[in-house]
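Consider the two complexes below, in which chain A is the common component and chain B and chain C are the respective partners.
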Partner chain A sequence: MAPDARETARRGPRRTVTTAFVVSRIAVLAVAAAFLLYAAPPLAAAGSWTGLGVLGAATAVIGYLYLTPRHIPAKYLVPGTVFLIAFQIFPVLYTVSTAFTNFGDGHRGDKQAAVTAIETGSVRQAPGSPEYDLTVGLRGQELVFLLVDPDTEQVRLGTADSLSPLPGAQVGVTGKVLRAPGVTVLTTPQAAARGPEISALSVPTPDGAIKANGLSRAVEGKAALVYDAGCDCVRGDADTWTADDGQGYFVNAAGEHLAQGWQVDVGFDNFAQVLTNPTISGYFLGVFGWNTGFALASVGGTFALGMAVALALHHPRMRGTTVYRIALILPYAMPSFAMLLVWRDLFNRDFGLINQFFGLNVDWMGQPGTARLAVILVNLWLGFPYMFLVTTGALQAIPRELTEAASIDGATPWQGFRRVTLPLLLVALTPLLISSFAFNFNNFNAIALTSEGGPFPAENSQVGATDLLITYTFRLAFGTGGAQFGFAAAISVFIFAIVAVISAVAFRRTRRQEEVYA
Partner chain B sequence: MKLALRHVFVLVVCAFAVFPILFVISAAINPLGTLASTDLLPTQVSLGNFGDLFASDVYPFGRWFLNSVAIALLSSFASLLLSMCAAYAFSRMRFAGRRAGLLALLLIQMFPQFLAIVTIFMIFTRVTELYPAFGFDTVWGLMLLYLGGALGVNTWLMKGFLDTVPKELDEAATVDGATHAQIFWRIIMPLVTPILAVTSLLAFIGIMSEFLMASVFLRDPESKTLAVGMYGMIAGDQRNANFGMFAAGTLLTAIPTVGVFLWLQKYIVSGLTAGAVKG
Partner chain C sequence: MRKRTLSVAALASLAFAATACGGSDPAAPSAAPSGSAAPTGQAGGTLVIWADPNRVKALRPFADQFGTENGVTVEVKEISKDNQQTFITASQQGSGPDVMIGAHDWIGNLVQNGAIDPVNLTEAQKAAFPEIAMKAVTFDGQTYGAPYAVENIALIRNTDLAPDAPATIEDLVKEGKRLKADGKVEEVLCLPVTQKGDAFHAYPIFAAGGGSLFGATPSGDPDPKQVMLDSPGSVKAFGKLRALGEKGDGVLKTSITNENYIVNFAAKKCAYLISGPWAMTDVKKGGFGYDITPVPSFEGGAPATPFVGVQTFFVAAKGKSKALAQEFVTNYVTDKDVAKALYDADPRPPALTEALEEVKTTDADAGKFMDAGKDGMPMPAIPEMQAVWQPFGIAEAAVVKGGDAAKAAGAAQKAIDGALKN
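Let's look at the complex of A and B:
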């Protein structure tokens, strides 16, 4: 049995305290302190006490760990683990919990935020309501309104939260504020540059809100829709919308809802939708089927072609192998994102090289069949050099005597390949084929940079013929159809599950890794 | 006769491998600089596209190049260091939770980080509010994100290599009074440098081509990487007109990697058979 390294260290000669030892301890302390000083104030300012607690505890643990002579393995494991937890494990867990909510466009904030948005969004100018002369200013970084009442010449300061009198402001003849304490007045061009911010700002008043009308006038309007806490509903426009905490919407008697909702837990709804909603589940199964087919075709195709070339070059009297090998490796060495975009244009209908070269007029990316063929072909081009390289390596490890013995025993070359070479190759390459499958199963770039998931059927712009699950998820979350983060997260969880099944099967098939545990 | 057949087959595959690259070269030196006017073989030669690329106001190519190279260099270096440290602990030390940790890493390796892209976006929306220096549109934030995937990807590979380095070496050093840190830096690291070089090259290339997370993360033209920036260069109706510039950019991006690739060819084969997949 090998002696434990730590035991040996303890029994060995006493270590002297070197300069490197002292310097490294000071460095660790300095980094930990700097990190704490940088990260703590914003958390405290935002009132995130949980975050602050986690941060403090983490810094304390790290400081302790590198000052004590004990826990040696942890010293080496902690740096990577911190990043792993923060940017991989936490996001995955967070994804799972988001999948149980309806988070997305229209459901971003809490109920209070939704009520505020509904009320201020419905502000309309009532006839005869007061009008103000408007000057736009900055208080620090915050955009504020300086409002002058034309009758009383009184100046008031309007922010997104409140409206308050502002004594000491100087008003010009046109009603514009020239100077005001604590506020930088913006010139007209400066204000014009912030047009969208100005029209978005609404200053709450007791019975409505003040909004800008152009750059120099502001009007007070009344909210058409008002929340009533008594009935937990929104009234106005001769209708009543009652809060539905199951959906996170205000719904009226006719079943219609207001655009602005809030985030609620929806339980297994997102998952159930994927499986039971006939439209969605149909698409999901279709995408899943094509996704699997794409990954299988990519692995099978690249392996077959790569192996064929490697076998062709694997001959004692073959000349020029170095030159061939360099030419064959080139696709692997080119930046793949750029080459995917080039391939997209090679398949262009009007001026793509493929159509020109073969004298065709095929709309490759416009029909499901040809688009699928095209993306598999592109992936074949990108992937076969890798398979060629690994098969070449594996072939060199197979003794030639084996195939020679087979041919002496009367085996045809095909039998020799089928019964001797291929099984030996597969023993060495199966783990790589499995990881290649897992990689291609989620090969976002290969689809997003070529067909972009298209072509799309006329009735549905959410799912295209070449969409993989990952590109479909990406479109649900960040696409033009509005963000559906909760639903996208549910699809991600399905992909997690599928990948887990694949790796479980892979585990059973390749016991190779077991020996590493010994 | 059969040998001739082999040559014919290999030549056909070579043609398949090389023709898109030939097309890129032809497009890059095509003076008209459009997709429609480019043929497989160049008819005229001009370096105008390269000039346009660097003179362009709309597309800060030089900036993108620097961003990409900086992100790829720093994160591949840092992620290898992180996974190397972990691999050293797993390979050389025995501690409670070692087996569980190794298994957990193997499982995590199966879950690509970008699957959680939705929540990564949500997390970094919050980070941008708290720490703008590490939020969206910054090189640093993206780099942190890439480091998160580091441990899962390379630790097993590294551990495999460390297991082949004889234990007697560090035992001898321990007897001579070396600390664990000295063994790590002075003995282990120099021994695994060749494989570190290959793995870091693969990590470098993988990060250079990473598009999904970068496209969510970087929206400001000045902060983009090559993958995101060049994608925008031929997006929409710019597709035909900017193709020459795009091809020139592709060649410039490829030159360093192809060079190093050919140089390290021999090691790459052994690195790949050990289980690295180009990302």
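Let's look at the complex of A and C:
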């Protein structure tokens, strides 16, 4: 088939065009077009013209590519490249750029949003002012408020310019104005349709302004805090808070800041914080050591067990292998999230099945040694079916003649395994072992859902005995002062660097190994 | 043939790309739109309400009624995970709701992120709520939401096993130990501690022992600049927890967790449970007599004040129909019938005094929980509280396991001060 296709490709347009081919090609292009149509309006609405341009260009390229008979290799490469950019390159770049900001709780929006929030949040009802009943009306095309003071039943007309008495209006029992001279009273649905206009209308008064509070009430209030662009500061409550663009807060003379801040670039501050934070630097080596040990034990343990089981089932005299295989991949087939929680409860000292079954009274998750053993055991149970599957696959590719030849040459089964089978397995499996190491190095779920990093010594509530780098920095970035995405991103960059270095070294060694055996 | 395979593969991958990019599209937060719209009115406008799964069903009839009365469409959407973060993130991106339902202790964080607006209640409306509910939704002198349910923990006791309410914690321990010695129960008290501690459930006992979290500002709010965890009173309280712990009376145990404490009580494995209204469904299934009383204090100790949480309606600052949202929150959900319907859907004591009185006639538990929380402490709504939960919990677990109280308190204080940059 393949030479046939190559032939066709070289000769260009001269080929048979089947219905299925046309239909599937139309389908591909339809999906691409749908993608454009789906993504374009939000981008246009957000005014993201660069994004729109990229989207248009990408769609044009895809359309061209799958309509032309040429560029066969590109047809294969484009989907992969799109995925690479969307799922690898973009997240990495985004994480790195976030690491240079203070993005997080209290610093999510821009300065304008913070100013708006500060001003709206400080509006207080004018002391002694009435709780007006509100009716919305139209004077010509202009939206106006008909305000009824419930105590005096006096009706006033509120416009964007002024507040004035309106004699001759008729008020219903509920406090709503039924008729007013010169004003068309709106029904509630009509008013509801003009919600944004109602929210925007502000009737000036000597002490502040009257604003709608919903559709049926209005209150007179005044912002206690007001932003002054002249001094780039917020004034009010007998104090002044000046904008500090270094930390994204309005700060007063005493060094206190207003709650609402905005996102600013902080340069290398987050990275410096990772390096200088005494909690991180003080415990880094210990956590790193256990983290590496955990990842190695997880990979080593699962590989050893998975391979042993695979070898046993690979034996030619083994019967009922299908049944065993199904049973063995069950832990892999079940959702690990739920399994981890189940295992956590199995290890409970007083109510857990493990202690009850073995008649023990071990506080598994309460002591450093047993907690570490427990999380490794759980990870072993969850991980070995994967290793079993890949080893089974790799074993099929090793010709039985090789081991037979070795045994004819006088090798014991162990020697045959050690010198022939294992090296050939490792050639195929080392890349998987390395990626498994990288995965387990950052295996957040395995810890967060079982021991939660604990047990914690009495004198230190920040670093537990089973904490991985990822769980303990997660606690620092999200467990304490709210979500600190910038700081978390900086930590991710460091962990990424650590894993990348370890993997790169391991891959270099693998290549040497392959040169020996391949 | 080859061509076709190629096209199909490309089709599949493109479809995948489209869905994947759709997933990362900021306009569609993945946790958000799992509910359904309830179109009622004309094209007057749309009010979007986000609620957790328990409340969606209860709200829908009232949302529909509000929609019909005002000629608008009301959508109630169900949010089931990380509600606070989902709300903040979606608000920031302009795809948030107009009305949000959540716990009052979110207020500090929602305010610093500019996610909610103050709510203007009339004096009469404010007076319809108990003082503690209004205190909880007031932050920095402003009211930020309309309360609708008040919840706090209390001591729930199996009256078949322990007919009399204990006057002190000492009495409780004595009686519980006696029952345990007689083989009637397996544990003295069902109170979740877990390996990481549970600050929420431990707080009444901590307070009874003389402990405190924050000092107070001149206005009476918790002052994040004064963390009090290693104050002499708090160290003494941690000492009391230690005495009740695994190396002491064996009343508090890390093996009792949030997953098993209610179940164990319902299975008569303990005669006393410290929990809230959410436990009652399971407790009733246990099929024994029970009573609800305030958590007792130590002999001669301070009051065992529980944390009080207030479920609240918020007006989103970045909502598209703010006028409707204000109308809904200030004038509609402060209505007695709405409060009662929400109670029927999920039995948490209603905040409105009038609704509570009505509920009390059919459900005595609601009133008993309310009484137990009368002098409680509204959970601090300041954002700084987030820095307290975890170190406090870990210190609790450490002393329960027999760790040194002063050391644990000092470590928690250090961790919190470090996080708050005090």
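The rule is simple: the second predicted complex is superposed on the first by the 267 of 518 C-alpha atoms of A that agree within 3 Å, B and C clash if a C-alpha of one lies under 4 Å from a C-alpha of the other, contacts with A are read in each partner's own complex, and residues count from 1 in each chain.
Here, a residue touches a chain if its C-beta (ideal position, glycine included) is under 8 Å from a C-beta of that chain, and two chains touch if they have at least 3 such contacts.
Computed from a prediction, not measured in an experiment: that's the story for all the values here.
Shared-chain residue A:Gln263: touches no atom of chain B or chain C. In the superposition on chain A, contact of A:Leu84 is made with chain B only, not with chain C. Using the contact criterion defined above for the overlaid structures, shared-chain residue A:Thr59 touches neither chain B nor chain C, since it reaches no partner.
Once the two complexes are overlaid on the shared chain, A:Thr473 sits against chain B while remaining clear of chain C. By the document's definition of touching, both partners, chain B and chain C, reach A:Ser24. Residue contacts after overlaying the shared chain place A:Met334 against chain B, while chain C stays out of touching range.
Applying the stated contact rule after C-alpha superposition, one finds that A:Met318 touches chain B and leaves chain C untouched. With both structures placed on the common chain, the touch criterion links A:Ser202 to neither chain B nor chain C. By the document's definition of touching, neither partner reaches A:Ser298: not chain B, not chain C.
Annotation: chain A residues 2, 4-5, 8, 15, 20-21, 24, 38-39, 42, 76, 79-80, 83, 86-87, 345, 348, 350-351 touch chain B in one complex and chain C in the other.
Those residues of chain B lying in contact with chain A across their complex are 3, 6-7, 9-10, 13-14, 16-18, 20-21, 23-24, 35-36, 38-40, 82-83, 85-86, 88-89, 92-95, 98-99, 101-102, 106-108, 110-123, 129-131, 144-145, 147-152, 155, 159-160, 163, 167, 170-171, 174-175, 177, 179-181, 184, 205, 208-209, 211-212, 216, 226-227, 230-231, 234, 239-240, 243, 246-247, 249-250, 253-254, 257-258, 261-262, 265, 268-270, 272-273, 275, 277-279.
Note for the complex: chain A touches chain C at residues 1-2, 4-5, 8, 15, 18, 20-21, 24-25, 27-28, 31-32, 34-35, 38-39, 42, 62, 66, 75-76, 78-80, 82-83, 86-87, 105-106, 108-109, 113-114, 116-117, 120-125, 131, 187-190, 192-193, 195-196, 198-199, 212-217, 219, 221, 259-261, 278-279, 345, 348-352, 363, 365-366, 451-452, 454-462, 475, 479-483. Across the complex, chain A meets chain B through its residues 2-6, 8-9, 12-13, 15, 20-21, 24, 38-39, 42-43, 46, 48, 72-73, 76-77, 79-81, 83-84, 86-92, 94-95, 98, 103, 305, 308-309, 312-313, 315, 317-318, 320, 324-339, 341-343, 345-346, 348, 350-351, 353, 356-357, 381, 384-386, 389-390, 392-394, 428, 431-432, 435-436, 438-439, 442, 444-445, 448-449, 470, 473-474, 477-478, 485, 488-489, 492, 495-496, 499-500, 502-503, 513, 516-517. Contacts from chain C toward chain A in the complex involve residues 1-4, 6-11, 13-15, 17-18, 20-22, 24-27, 41-45, 69-72, 85, 88, 92, 108-109, 111-114, 117-118, 120, 122-123, 140-142, 187, 195-196, 253-257, 259-260, 264, 317, 320-324, 326-331, 383-384, 386-387, 390-391, 394-395, 397-399, 401, 403-404, 407-408, 410-412, 415-416, 418-420.
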